[in-house]
Each structure stands twice: as C-alpha cells, then as structure tokens.
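Chain nomenclature is as follows: A, B, C and D, assigned in order of appearance, with residue numbering initiated at 1 for each chain independently.
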Amino acid sequence: MSPSTPLLRVNNIEVIYDHVILVLKGVSLEVPAGGVVALLGANGAGKSTTLKAISNLLHAERGEITKGSIEFDGERIDGRDAADLVRAGVVQILEGRRVFEHLTVEENLLAGAYTHAGIRARGDLERVYQYFPRLRERRTVKAGYVSGGEQQMVAIGRALMARPRLMLLDEPSMGLAPLLVREIFDIVLRLNREEKVSMLLAEQNASMALRVVQYGYVLESGRIVLDGDAEQLRVNEDIKEFYLGLTGVGRRRSYRDVKHYRRRKRWLS
Amino acid sequence: MQSFIAWVIAALALGGLLAPARPGSAQELTLPLMIYRTGPFAPGGSGIGGGMEDYFALVNAKGGLDGITFKWEECETAYDTARGVECYERYKSRAVFFSPLSTGITYALADRSERDRIPLLTLGYGRSDATEGGTWPYLFPVVATYWSQASAMINYVALKEGGPEKIKGKKIALLHLDVPYGREPIPILERLARERGFEFRDFPLPSPGIEQSAAWVDIARHYRADYVFQWNWGQSCTAPFKEAQKNGFPIDHFWGVWWCGSEEDVRPAGDAATGYIAAAFHASGRNFPVIQEILKDVHGAGRGNIEESRVGTIYYNRGVIHGIILTEAMRVAIKAKGKPLTGEGMEYGLSHLNITRARLKALGADGFMPEVRTTPDNHGGISGVSFLQWNGGKWNSVSDWIQPEAAVVADQVRVTAEKARADKGKK
Amino acid sequence: MIYREAGIYRSSYAADMAIFPLALDRIVVGVVVVIAFGVIPFVASGYLLKGLLIPTLAYALAAIGLNILTGYAGQLSLGHAAFMAVGAYGAVIAYGRYGWPLLLSFLVGGLAAAAVGAVVGLPSLRIKGFYLAVTTLAVQYIVEWGITHVRWIGGGVYATIDVPDIVLLGAPIDTGPRRYLLCLGTVVVLTVFAKNLVRTRVGRAWMAIRDRDVAAEIMGIGLLRYKMLAFVVSSFYAGVAGALISFCFYQAANIEEYTLTISIRVLGMIIIGGMGSLLGSYLGAAFVVLLPIAISNAMVAVGRVSGGLVTTDVRANAELVIFGGLILFFLIVEPLGLARLWKTLKDYLRLWPFPY
Amino acid sequence: MSAQLSIHGVSKSFGGVQAVSGVDLEVGPDELVSVIGPNGAGKTSLLNMVSGFYHPDRGRIALDGQDITRVAPYRIAALGVARTFQNIALFKGMTVLDNLMLGRHVRMRSGVLASIAYWGLAQREEVRHRRRVEDVIDFLRIQDLRRRVTGSLPYGLQKRVELGRAVALEPKLLLLDEPMGGMNQEEKEDMARFILDVNEEWGTTVVLIEHDMGVVMDISDRVAVLDMGQKIAEGTPDEVRADPRVIKAYLGEKKVGHPARPAAR
C-alpha cells in the first residue's frame, strides 16, 4: 500500500431505502491511515446512512447501495458482509449506545471479541480496562443498569475488542454530560494515537468534533457540501453560524436572542 | 422484477382457480372423490382412496356397470372441513354422491346435500343418529356406526367371557380423545353398563392424546380394568401399546375402534402391539375372490391406483367396501330409476340396498363384509362387526360378524334424532 | 404518474380526514363495492360463491378482528378460534333454540365472544408478548372443553348444533347469492366500523400502546382499559365471524372447526396480509383460503394433462410444497405483507415512469 | 408565590441503589426550571416520579396542591402533565398527525360506540381537535410532515414532533428530558425558541433536563443540580455556574458556554 492511498475511500455512493427513497446522492470521502475525520451535518443529512453503508448494515433497514464503491485498504468492500468487515478491521459504534442490556459489562466486552475467541480476548479485555478504568469497577453489573456515559464506554470498549483499524463512531457524545463528553473524546484521541486506530466520526457537537479531528466533511441532504481541514472549517462563516452558534464577531449568541429568520447558507444543498 | 414474478405466479394460480371442469361423456360417469393424501392422517385417506378406485377399475375391467364405465377425479381435502366444502361446491353439479371421509366435512355438508339432493355415504364415521332416514334423508352410515360398534364390542366381551351373564361385574374402560368423536360411544356404553350390570368408566385424553401415561396408571393400577377400549385417531392410537405393556395390562384385553385398527396404527409399536384386537366392518387380507380379481385384472393390467403392496391392508379393504356399496347402490338406482344416474336416484339406491349372502358370493365378497340392508327409514348402520387380532405381522379375523344391540342403538338414535330435528326446525 | 395526488386540494379538515381522500381511490373502491354487491351475486357460480367467496369473507372478518388486537393494539393471541367458537355457538343457540332474529343472534354471538375476550384480556396488563400468547392458548382449551362437556352449550354427544333455515326480516336466505350477500353485507358494515374505530381516538390509543406502551401511558391512555377494549372488540369481530362461518358456510356450529389450527391460520392471514391493515386482512384471508384451492385445481389440470404420469400422491403433496413456497416467497419479497406490497405498487405508480 | 409543582423529600431506590434521596424542588407557575447533573445523577428518575411511572419510597409530590405521589401515569396526564423522553418515545408506526392527535387524547371523549358510527359526534370532535393540532403544527413549522410516519423522520424532527405531541395536550406542566440531545446548533436554536415560546407565550410551566449548558444557562429561570441522587445546588443560572460543587461534579474546570474556542492540542 502506497502512503498516498487512504485507508478508507468512499467513492460517489448512492443509497436508496425501500426501493424508492434516495438518501445519499453521490457521497465521496476519505479517511487517511491514522487519521481522525469528522462527518458533520444536520439530522437526516445522511451521516448515519454513510456510516452504515461503509459497515454494510443498511439491509437491516431495507436500504441498499445502488451506485459507487467503497474501498478499505485498497480493496472493494461494498457488498462484503458485516461480520467479514469486522474481521478485516472495520467496526461501527452505533448511535444511541446499543449495549446488550441483560449481559454484564464484561460479557458485553467479550461479545466484541467473538471474531477471535480465547486467550487473546483476555489480553484485549485488560487493554480495554486500561482505557476505561471505570468499566473494570462495574464489570459484573448488567449493562442495562450502568449510566449513559458508561454505556457509551462499553460500546466503544466492545468495538475495541475486535481490534479495529477503522472505527466508525456515530454520535458518541449524544446525551452525555459535558464532563463525560470531554472524557469520551479524550479516550477516542488516545485510541487514535496509541492504538493507531483511524476514526470516522459522525457528530452533531461540531465544536467538540472540530477540536479533535484533522479533517471534516459537511453533509446536507445526502450530499457533501463542504470539506476541509479542521482549522479551515472552524473559520468558515457558515460553519460558525450554523454549527457553532457564533455571531459574526465570534461571540456566542444567546439562545434567547435567536431570530426566527436566518441568513441563507452559502452552499447549495 | 421480484414483484413481477409474484404477479405472474398469482395470475397462474388464479387461472387454476377458474379452470373449467370438463363434463364426462354419456357412457362415462365421472365420480368426484374426496380424498386426503396429506397431513397426519394421510395413510387412511390414501388407502381408502386407492381401494375404492381399484374397485371401480375392476368394474370397468369387467365391462362397466350396465354399460357405464367410471372415471374418477380426486379432490384433495387435506382432512380440512373448509376444503371439503369447497370440493363439494366445485363438483356438486356433476356428482351423484359424495363420500367425505371426514366427520367434520359430513356435518358441514349435511344440510347442503339434502338441499342439493346428493347423498353422502359415511361408512364407519359421521353421525351415528343419521341412520334415522326421516331426519337425515341424505346421510348414509350404511354398514355400521360408532354406536353399533360399541354395543358389538360389549357383545364380543360377553362372548369371550362365556355368555351374557358373565359380563356382570366386569370393569370396562374407555380410553378416548376428549373430542366429540371420542365421546360418542359413552352414552351407549353407560346405558349397556346399567342394563347388563358391568362397570364402565371413561378416561379422556386431551387432544392430540399422545401423552397417556397418567391415564394408563389410572386404568391399570387404580381402576384395574378388565377390558380397555380405545377411541382414538392417528398417533393417539399407537401411543397406548407401550403404556399397556409398562403397566402389565394384557394386550388381548385392549381393543380398538376401527379407526385404530390399521397396520399403520400397530406397526410402529412393534411387539408391544402383538395380540391387540380391533373392530372392523370388513375383513383384512387378500383371501377373497374380489381382491384376487383386482390383483389380476387391475394391478395385473398395470391399472392399479396404489402400491400393490398395500392391497389387502385394512385401509385398502375399507376402500373396496366403499366401492362395493356405491356400485351396488348405483345398480339399484339404475334398475329402479333408469339412466342417467342422478343424486336422487342414488339416494333411492342407497336406501334400498339389500346385499344378501348370495349377492356377496356373486361379488366375490363373502366373508369380506357383512350383509347389508337399508330402507328409507333406516339407513342401516347396524350390520355385523368383525374383530381382528394383530399377530405382529398381519391382522387375523378372530370372530364372526358380531351383531350389535339393535334395539338399544335404535332407541339412542331416536332420542338424538329428535333433538337434531328440533335444532333444524323440522317437525 | 398513473396514480396521482397532484392537483387535488382539500379545503376542510373533514375532507382531509375522509377514509379515501383521493378521488382515484374512491372510484376504485366504489367500483369494487358495486361489483361485489351488484354484479357478483348475479353472475358468479354457486361454486364461486359458496365454496370460495363466503369462506374468504368470513375469514377476512376474523382476520380483521385479530388485526385489531395484534396489528393495531399489539397484543398477541392464539385464542382467536376460541372466540370464533363462542360466537358461532352463541349465535346458533340464540337463533335456533330461542328463535331470536338473525342479526340480533349475530350480535349475541359477538357479545358472548366479547365477554370471553374481556376475561382473557385481564392478564394482558401484566403479561406481554409470547407469554400473553400462551395464556390465550389456555382459552382455546377451556372453550373447547366447555363446549364439548357442557350439555347446554354443545347439545350433547356431537357438540354440534345444526343451523335451521336462515330467515332475515321474513326473507329466506337459502340460495348461494343470498348467503353471499348476507355475509358480504355483514363484513362490509363491520369493516367500515373497524375503519372508523382505528382512525379515531380509540384506534390511535391502541396503536400508541402497540408502538410504545410507556409513552401511551404518559399521554393519558389507561393501558388496562384500552387493552381490554382491544380484546373485547377483537373477540366481538371473531365471534361474528364465527357465526358467519357456521351460518353461511358450514351450516352447523361444530367445535372441531374452531381448533388451534384455525387460530394459527388466522394469524397467518394477518402476517401475510399485513399487520395493522384492514385491506391486508382481506388479502391475507384470500391468500390463505384461495391459494391452496387454486393450486389444487391447477394440480387436477396437471393430472388431466399428464395422464397417469404424475400420481395423485405426488400432486397432493406438491400442493403443500407450492403453497409453503409461495408463503416464503411473498414474505421474502415483502415481509410487511401483501398490503404493504400494494402500497409499494401504488408508490411506484405515483412516480412512474420515473424511478425516483 | 404558590408552587405549581412541589416535590418534598422524595427518595427512590432500585435494587439497593439509591437513585434519588431526599430531593426537594418547588416550581412556580410559568417558571422554566432546569435540572442538571452528571449521567446517573437521578434526573430522569425524578421526572419519572413526577409523571407517575415510579412511586417514591418516601416523600410527597403535589401538583397545584393535589397529592399525586401514588397516582397512575395516565391519570397524571389527564391532570395536565405532559413530557418527552430522552430517547424519543414517539409512536413510530403512526403518522405525525396521529402522534399529535394522540396528544389530544385526554381532552377527547369519543368511546368505541361513538367512534364506529363516526359521522356525527366523533367526526365533529375529531375536526375540533384537529384544529388545535394544526395550531401546534404551524407553531412547530412541520406542515409538510403531517402524513409522514414518524419512524422514518430524521432524529431532530422526531424530537420536534415529540415536543409537539406533549404540547398538543395543552399541559400546565411540561417535563422535557434532554430535548436538545443529538441536535446540531441550528436545531438546538429552533428547539430553544419553541421551548421559550411554550413557556412565555402559552404560559406553560416547564421542567427541563438538558446537558447543553449553553441552552440551560440561557433559557432557564432557575437551575437545580443533582449529583448521586441528591440536590447539591439550586439558584439562578449565574449562581449555579459559579458554585464550586457544581463545577467539580458536573461542569469541569474549564469555563463553560464557549466550547468553540479552539483548544491548543
């Protein structure tokens, strides 16, 4: 693999739900090896769909990729089955912390290692507990009874058990208290640095996301409308107004002062 | 594309629904036969169907009935009542009789057949009170009913014990599916118990009746029955043998209704069933001229309607007796009412049967079946019942034609027929 | 663009809330109704009426009943045949034994079934899903036992009561077309009632319970009350369907026609037809009642054409295999049932000839 | 000022874990009060007790002076309490319109018999309440979504419809559990606007659970902070923001409210 080849390349894909509803209209993006990339955009823009298209989880929702291709590590992966992708190193962490509520925290983590059972899993478990000491304390508690933040940790830890090379994170900060959001993002960054896991991150929390990623894409109505490195995006006027809630002069405007009308965005969606 | 294929298949299926049935020619009579070849009771339906068709083929091979040759068309009921009704409606315009082979279908068709004037032959099933021709002019349980069978079983017990007096104090248990069919002999047995001085108790099995161990502990250890009759169907007929053995119950004192008396019912039980006795309204085996003729003229000519190995088995012979009675009734009908044969003519034929010993000899069926007589008021149902014993390989006849208690049965018929008349709003 | 919505405006909420807001739909339904009432009884053969359409209609009503309970209110039941049995015996007893008017007897049958349904509904507050299905199974056995053993109900040995001649408002209902019209009329009226029910307050409450019982409670819907109501209404429909089956089809109330198999068959109808769809109840009933017969007829044709080559045994069993295969096929094509397939087809026609 | 909602010494434990212990909270008419705290602090449990899902082990909850401590949820709804859920509890198989009409359930009367007859009482009632629902639709600007099945809507719109369903009940007390969760800036601003309008223009008392401190501090009249089941602070947004215990348990050391400031990493 030449260094210029990105780890993940999504090439002009189109996704249709239920045979009639066109959700993605030609989405292309790249994640370099070792990179952290954000996918920003409103709800319903197609962020989750893009992630599910990559990890091939669409069929559960009656969706299918009708055009384009997805390459991982230089190989076509669209159409490969999801379990196969996990073995290849692509792991998705679904939105809304889907943990097995009736299993304990540790059982949840071990479930992530089903692709390589046995002794290796023990070592991997140790590694997860190093990143998430809090999970070690709660290892015997049923996952349904731990707090939302801990559930998110279980979800990420479980993904880590599969020894991923690319993690697809869907809204990891949703519903978490500010302190926890920071904690989760810190761990994500550590995983990136120490475990060399590349990350593709779909996030609403643009301010937080733009702080940790190197590169970002903005998705609206199934199309990429803007992309650039994090710094560029942070200073973009539209991003400032629509994603960061800043007034023209860089001050945060109060939610009390929000107007009922808005300036038009400069990109066309 | 997928949905296109679906529509094509649906259209084809619809085409099947509307496919017209061709009428038969003048010299050819098409007989629609309700058969069930699928489902848990398929051995019964396929055996009876094969025997009946083979007999019609034999009549054809001998030149037909008064110049008429038979063709037949099967309608699969799957032993399902709604399907039976559909078969009836599909074929009734061309049918001169139906033989539903199911009590459920018989109930559902009773009214229609009367209205449409198409008689129903219900040999060995259906409602026992239908022998009362005044109430049920178009139902024909011609040879024997459950009630006559139950009373014949009691008479056979008396015979085995050495005389009518010897039955006093004996304990008789009825092991039955807890459904209307299984409960049907109860009133007759209760009444005979009172009149003849034996003890009687019934042991109901919740449907499907496969689990019987508790019932058998009760029967053999607590009640200590002398005889056990079983009134089951399908798998529940086979289940008791191991239980009887386990509880040390003498197997030759365990007797079955004729729907628990086929090779298919006993074979799976292996040795445990050896010695078991079952009722029948016809004989078993091939040692009858009529069966030999079928083997020679039908199967020998490559026209068999069933595997040759099944010829002579219980269900097969039950089909042959269907064929004989239907053909004899048609003969009577044509003689009295002329051609073409109609449902009303067939009603006449079935209610004026007089199959004597001499006639049976001529048919090659002496000893194969009892004599049969019917009148418009009395649709029969009280001919002799034969008892067969399983020797591990085949059924052997162990009795003559045992006569039922005609008076007791007739009285019971009168009571329920009256009630049925009231239900139907007839006077 | 065959099936159009464009250019159709609705100016009142009442019009917007009509059953068929689209003119095209109204026309299609109108034509179907005219054909069903005005043409079929006069041209169809006795076979089509008595052998196919009457059972299809009666089972469609049973399926609507189960759909109310399962498809709309989300409560599983395996005791539907028991409710049908109660309705059948109730109606036949009222009509035959006490001489009550026909429609009143149907009502009696329905109400008797509803009363049993209310009792069965009681545990539904605490028991959910499969566990509830198992408790409803118990009803099946209890009702079967009751009808066979209680002389007053089943009438003795046979547990079968014949239906006397049917007379409606002085007119004898003795022919195929008349029976069909009686059946059709009852089913259509009850379908309209069901439609009204599911599109207004009570129906919304049921669907809310089905979708999210916790949220339903928070919106002020008393769970016990509405679950019970679903059982009551559903079993009322089942009861009337059972009465129709015994009056118009079997002409006798016979307990053996209301076994667990029938419950499963009706459940199959709503699964194949579509959960939570009245149209689906009709489609599912047609599929389950008519398709095996159609295949069977096709097999008779195969037998004629092939002579003795394809034996009767093979044909009889091929029927089951083909029917099973078709169920699989349709459920794979559209797991949400035939009604959904129909809707997808309409969506497709709306856009046609453009793919999206 | 008499409290509309008053919570007194309420405690609740689940399987030995004390979720809420001895919490007091008074919410006056027309107030907008936020409850904040770390995940697992007992905020949602508190809300669940107010709406009747759980009954407290100890303590008392009253609405307009009426004790509702042990009242069933559907009766509490009829008293005029509506709420939304953290994970959205819309009726996913139903249309937006039907979801909102369900909000009117407690205000409607038609039973089975009136409904099956439809043309008459039931239709008039449906139309009357449809008008109220249309007001909500206009207010939330979701006119184009009326016939959409809610399960197929994007997350942010589902949140909006859920708010609409609660508002359609015309509640006197509205309980909102993380209405901004998973929303982007634009959607949060819309949602904040809707909540303020419901509170100020429609005069509905609001109790809000929310993690976005920007929103909470901007729109709340008062803020209560829970940690490990106990109330550790209560006051105006400014008071709470400055409270050292709150900073330690929840907000973290960094100054909140300006998350966009790029951090040097």
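Assume a residue touches a chain if its C-beta (ideal position, glycine included) is under 8 Å from a C-beta of that chain, and two chains touch if they have at least 3 such contacts.
A quick note: this is a predicted structure, and the numbers were derived from the prediction, not measured.
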| item | value |
| --- | --- |
| Centre-most chain, if every chain is reduced to its averaged C-alpha atoms | C |
| Chain pair with the most C-beta contacts | B-C |
| Of all other chains, the one whose Cα centre sits farthest from chain A | B |
| Geometric centre distance via CA averages, chain C-chain B, whole Å | 34 |
| Chain A and chain D, separation of their C-alpha mean positions in angstrom | 28 |
| Distance between the centres, which are taken as Cα means, of chain B and chain A, whole angstrom | 71 |
| Rounded Å distance between chain A and chain C, as computed from the means of their C-alpha atoms | 47 |
| Per-residue multi-chain contacts in chain A, two or more chains | none |
| In chain C, residues with contacts to at least two other chains | 344 |
| Residues within chain B bordering two or more other chains | none |
| Topology of the chain contact graph, where touching chains are joined (line, ring, star, complete, other) | other |
| Contact pairs between chains, per stated definition | A-C, A-D, B-C, C-D |
| Interfacial residue positions of chain A with respect to chain C in the complex | 16, 18-20, 22 |
| Contact footprint of chain C on chain B as seen in their complex | 2-3, 6, 9, 12-17, 19, 21-22, 35-38, 46, 49, 73-76, 78, 81-83, 85-90, 92-93, 103-104, 107-108, 110-112, 115, 127, 178-180, 183-184, 186-187, 206-207, 305, 416, 419-420, 423-425 |
| Chain C residues within the chain A interface of the complex | 344, 347-348, 351, 356 |
| Chain A partner contacts - residues on chain D that touch it in the complex | 17, 36-40, 86-87, 153-157, 178, 181-190, 192-193, 196, 211, 213-215, 218-219, 250-252, 256-260, 262-263, 265 |
| Residues on chain C engaged by chain B in the complex (per definition of touch) | 46-47, 50-52, 55, 96-97, 141, 144-145, 148, 154-165, 174, 249-252, 254-257, 259, 289-301, 303-304, 312-313, 315-317, 319-320, 326, 329-330, 333, 341, 344-345 |
